[in-house]
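What follows is a pair of complexes built around chain A, which joins chain B in one and chain C in the other.
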Partner chain A sequence: MSGESLISVKDLVVEYTSGEDVVHAVNGVSFELNAGETLGLVGETGAGKTTIAKSILGILPDPPAKIRGGEIFMDGKNMLKLSQKEMRKVRGNKIAMIFQDPMTALNPMFVVGDQIAEVIRLHEKISKAGAAKKSMELLEMVGIPGERGREYPHQFSGGMKQRVVIAMALACNPQVLLADEPTTALDVTIQAQVLEMMMRLRDQRGTSMLMITHDLGIVAEVCDKVAVIYAGEIVEMGTKEHIFDFTSHPYTEGLFGSLPNLNTKTKRLKPIPGMMPNPSSLPAGCKFHPRCPYATEACKTETVPLFETEPGHLVRCLRRDPRQVR
Partner chain B sequence: MLRYVLKRILMFIPIILGVTIFVFTLLYFTPGDPAQVILGSDATEEELEACREELGLNDSYLERFARYCSDVFLHGNLGESYINGRSISEEVASRMPKTFTVALVSVILAVCIGMPLGIISATNQYTWKDNTAIVLALLGVSMPGFWVGLMLSLVFALKLGLLPPSGWGGIEYLILPCVSIALSGAGSIARQTRSSMLEVIRQDYITTARAKGQTERKVIYVHALRNALIPIVTQVGTMLGIQLSGAIVAESIFSIPGIGTYMVSGIKNRDYPVVQGSVLVVAIIFSIVMLLVDVAYAFVDPRIKAQYAAPKKRTAKEA
Partner chain C sequence: MALLEVQNLKKYFKTPRGILHAVDDVTFSLEEGKTLGVVGESGCGKSTLGRTILHLLDSTGGKIFFKGEDITVVSRNKLGELREDMQIIFQDPFSSLNPRFSVSQTIREPLELRGRLSKAEMEEEVDRLMEVVGLAPRLRNSYPHELDGGRRQRIGIARALALKPKFIVCDEPVSALDVSIQAQILNLMLDLQEKNGLTYMFVTHDLSVVKYISDEIAVMYLGQMVEKCESDRLFERPIHPYTQALLSAIPIPDIHAQNKRILLKGEITSPINPKPGCRFAARCAYATEKCREPQELREWEPGHFVACCRAEEVSA
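Here is the complex of A and B:
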């Protein structure tokens, strides 16, 4: 919506090899993240969301992961072509990542202040004392008394640890923040606090954000645009308003349908029937067809492209094919 | 921390007492007559009886045990050898430095070979480097120490004549025994390092470190290694403890006048006081090394340090 494209991902394909099996984790994902904008990546566990984020940062474990194709542009450079040395200047500096589980994301052997100072010293010309002072300020910024920087991760609660992780991610004022389910591992009450703080800091600093989540509530609160991921593909993408008000893909419908409605009396939740396909043997045609209530014969064979139903609203479903009305 | 160390030192008392009772009792029931050993086979029955009386061998078990304990713990006297009458305490004191030197050098050597091998192997998992390292480590572990010692001695001392085959003197006497001890130690340290590093490398905080833009070198040697260190410290500590208590095989092969050869000669000659004394000393040394290992944990891992610092108060407060 606002600003020009900061990161653009084009036809990203990532595979994991385990023995004989090839796991197709990401299959041709393209999207753009604009300056000052928050894009939500929504999908089930195993849909490939985290893999996308780690590809952007170039920290996929190789082996077993391998980027088979596609391009990721930032500042006009294809980041997949950058050397390790050049990528290290991007990581933590221009792009930073917040991980899912704060319990394990911090190194238990070092005091948190040093862990924050580490990233500052890597990317800025600053003295040891200067970095230590800055790390204290960052802790204060996320609502932790600065002197607690001398404590070890095991002396913090889960919510506090996630604040430390956020402080670490924001330390070098990155342009892009990749937030990989930052609140999933936290208590509901802490979730709200952490989320609010992230939004406040994002707005203060004008950071762009890629918000990975499976919680549509978070999407509603935080995101400007949404991309729904299923089996390593984007099945629907558009502005938050489009997705919420004009839901077009049966999978997105299912996601909304599975939320309990507080206004009506429901005894049981309505899950989407079936399981996500095994990513090492994806079905032909539309990958959602085995679970789709509208599936036709054509869905089982035809490869479905993304159709633009309205400007900026893309849907990967044959029912939205403008050439044929079904 | 200090409280913990003091507590552990107090625990030495039952350990050492237990070892004393155990060794004393075992030797008490062992067949064989020390008087016969001392006087030789052509001694008369009267001479033997007089000797037994003089050594107190005719007293009851409890009397003998009490006498031994009071000598050792109250007077620091481990007794005299039956064979040559020399003071065991003095003998042990003169042999200990040699055993210490061999143990320290070989453990340092094993760590210097084993840890890098394990790290290379873990960071290059399933590649040729990993496979080579695994084979080398397995070779080190599975070659029996006495055989390695003999082979090294055969090649470097007898065939090439580069190093002395046995004895004690300058650095050149240290090389062969230390290498033969270090090889098997290095193998097991390498295997331990590899498995422990592999586990740590998959942890989230390693990904975090990479995501910060940290160099791979520092990710491995600072972030990963420190976390992988606990099991390695345990292994190295155990090895050090065993070597300090006398590398019996290596000392015998290379004729090093250390505590190991002393113990062996004591066992061979039924020289009970020698066996008792050296086993007791070895048990104390082993306990001290294990205490040092536990203290080392606290310096490696701040979480363990926190446990040592306040063992009981904390749970009540936090619950």
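Here is the complex of A and C:
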């Protein structure tokens, strides 16, 4: 399924400034998204997942956010260097984003059909009637009767609103879809419907996808590759098999231990002790060391790089350092 | 005798478009020291059920026996007395705490309202409760906005425990938390139950959480209980078509899991002026003419209750 690299993010660093504090949201993240591939970005609140997606799309609010370093390449162009005008041609056309909350992603003042048509008319030379017809087709594609395009967002349920948002994101047939927790606000049976539909459309159109989620169940179902993010860094990255069957980073281990398992009877969960570090004063050394059961003195001071333990499986943990026997 | 016995409980709301049946004819009982998980999707009435049982909302019909007394008819004073034994932990640790109260003030408030302890005793009790729920003593004078979601939820738990209740309604207590913090809070709640013999009614939409914490699980759909049985059994042998679809919809964090998903058509219908028959029938693959008649929650096998006239065919 995978082809050449479509988007490549290199050493991305993003900071938010609020007053005196500098929040280190993303600290040197690099990854590649290949054509036709789905990469999962997994992590907890504040890990920097959404900031990464917004950086790619060039919609970080500046201020307070500032991209301090790194490059994001698409089609050989560094997107961080594009002008607003050039970026607008990419946004919604080549890259589209689905936001977590379908209630706030739609404009309550316009009927949904017009909102979809707007995207099409922005990027394609098409008549008003043509765009309207196309927006109806898009609604049908996501399982909503086309004539409901004349209704306002409040007349739809949460699951249907998210379908409208997906229809809008797919309107210009983007190469890359950034999905930021697209089903978190939905009930499980509706989530199942929406995920199934997203996967079907993705496969039909060969769209690449960046799936941001905190739900490892969704990752298991939709992703080819996974990057686990902690405190603005990728701590483990690899294929789905690497992450699920050869879990290597203590944080990833902790995430799995925190999940109640439906198939086995667990007496007690094994939570990760402590809290996420404050992103404006991150610990030195490995950022996970205060919560890590294996932490040694070295973990408190040394900057930990990503070690390739197997081809394609990267782990940011000193225990995986091939030069040291621990 | 069961600690809590709910009989034919109804809670209707009047809306401009008609009568909304939020809780419709729910009957169950809960033994002391046990946990009943109540699951269902948004709008199924699970939170309303919890609140009506605590009499935070007046019931429209039915009876609620708590320690043998029907709290729908007792006097205000008596209700106040019974309330000491019934507490609630809310979903949102942000809006359920008074932003102007420090941690110690929040935990002290129920003790003050009861007025049985001296000032010094109250302070001691606040310290003890903070320790029990794992809040560091240095946080005594902190305010909710200074704390993260996990700690805030610990305050909510300490406040609920202050009057040493027997029964706690937990209304989605971990839904707003990250998984690593969620696991900490769930373990804390299980520890507290073991130590104090607490009885929980655990309301949630998260099925993996409910399996982990519950002895028995009740599944709700549009205000009605459609299935209820022992927790492991529900996952091994779900009978009601809705339960089957619900369980199959959970994404499993295991790439080797073989999951035959039952995709439901359509969405939850309106609970306003519902028709008399099975409320799930419109989305059900097994629906027949008979499903238009009212469905009764019947004991299908010992301890396993199902409200489906086609249970035999479905389970075959």
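Just so it is clear, the second predicted complex is superposed on the first by the 320 of 326 C-alpha atoms of A that agree within 3 Å, B and C clash if a C-alpha of one lies under 4 Å from a C-alpha of the other, contacts with A are read in each partner's own complex, and residues count from 1 in each chain.
In the analysis below, a residue touches a chain if its C-beta (ideal position, glycine included) is under 8 Å from a C-beta of that chain, and two chains touch if they have at least 3 such contacts.
Being a predicted model, the structure only gives us computed values, none of them experimental.
A.B. asks: Check whether A:Phe73 is in contact with chain B, with chain C, with both or with neither, and answer first, second, both or neither.
C.D. replies: neither
A.B. asks: Just chain B (first), just chain C (second), both, or neither: which does A:Val90 touch?
C.D. replies: first
A.B. asks: Counting only touches as set out at the top, which of chain B and chain C does A:Gly159 meet: first, second, both, neither?
C.D. replies: second
A.B. asks: Spot which of chain B and chain C makes contact with more residues of chain A, would you?
C.D. replies: C
A.B. asks: In the superposed arrangement, does A:Glu196 touch chain B (first), chain C (second), both or neither?
C.D. replies: Touch status of A:Glu196: second partner only.
A.B. asks: Go through the superposed model and pick first if A:Gly254 touches only chain B, second if only chain C, both, or neither.
C.D. replies: second
A.B. asks: Under the stated touch criterion, which partner chain does A:Phe307 make contact with: chain B (first), chain C (second), both, or neither?
C.D. replies: Neither partner.
A.B. asks: Mind pulling up the chain C residues that touch chain A in the complex?
C.D. replies: Counting only chain C, the residues touching chain A are 41-42, 148, 150-151, 178-184, 186-187, 190, 205, 207-209, 211-212, 232, 235, 245-246, 248-255, 257, 261, 263-264, 267-268.
A.B. asks: Quick one: in the complex, what on chain B touches chain A?
C.D. replies: Answer in residue numbers: 126, 203-205, 207-216, 223, 226-227, 300-303, 306.
A.B. asks: Give every residue of chain A touching chain B within the complex, in rising order.
C.D. replies: Within the complex, chain A contacts chain B at residues 54, 57, 59, 63, 84, 87-93, 96-97, 99, 101, 104-111, 118-119, 122-123, 152, 154-155, 165, 168.
A.B. asks: Within the complex, which stretch of chain A touches chain C?
C.D. replies: Residue positions touching the partner: 44-45, 157-160, 187-193, 195-196, 214-221, 240-241, 244-245, 254-263, 265-266, 268-273, 275-276.
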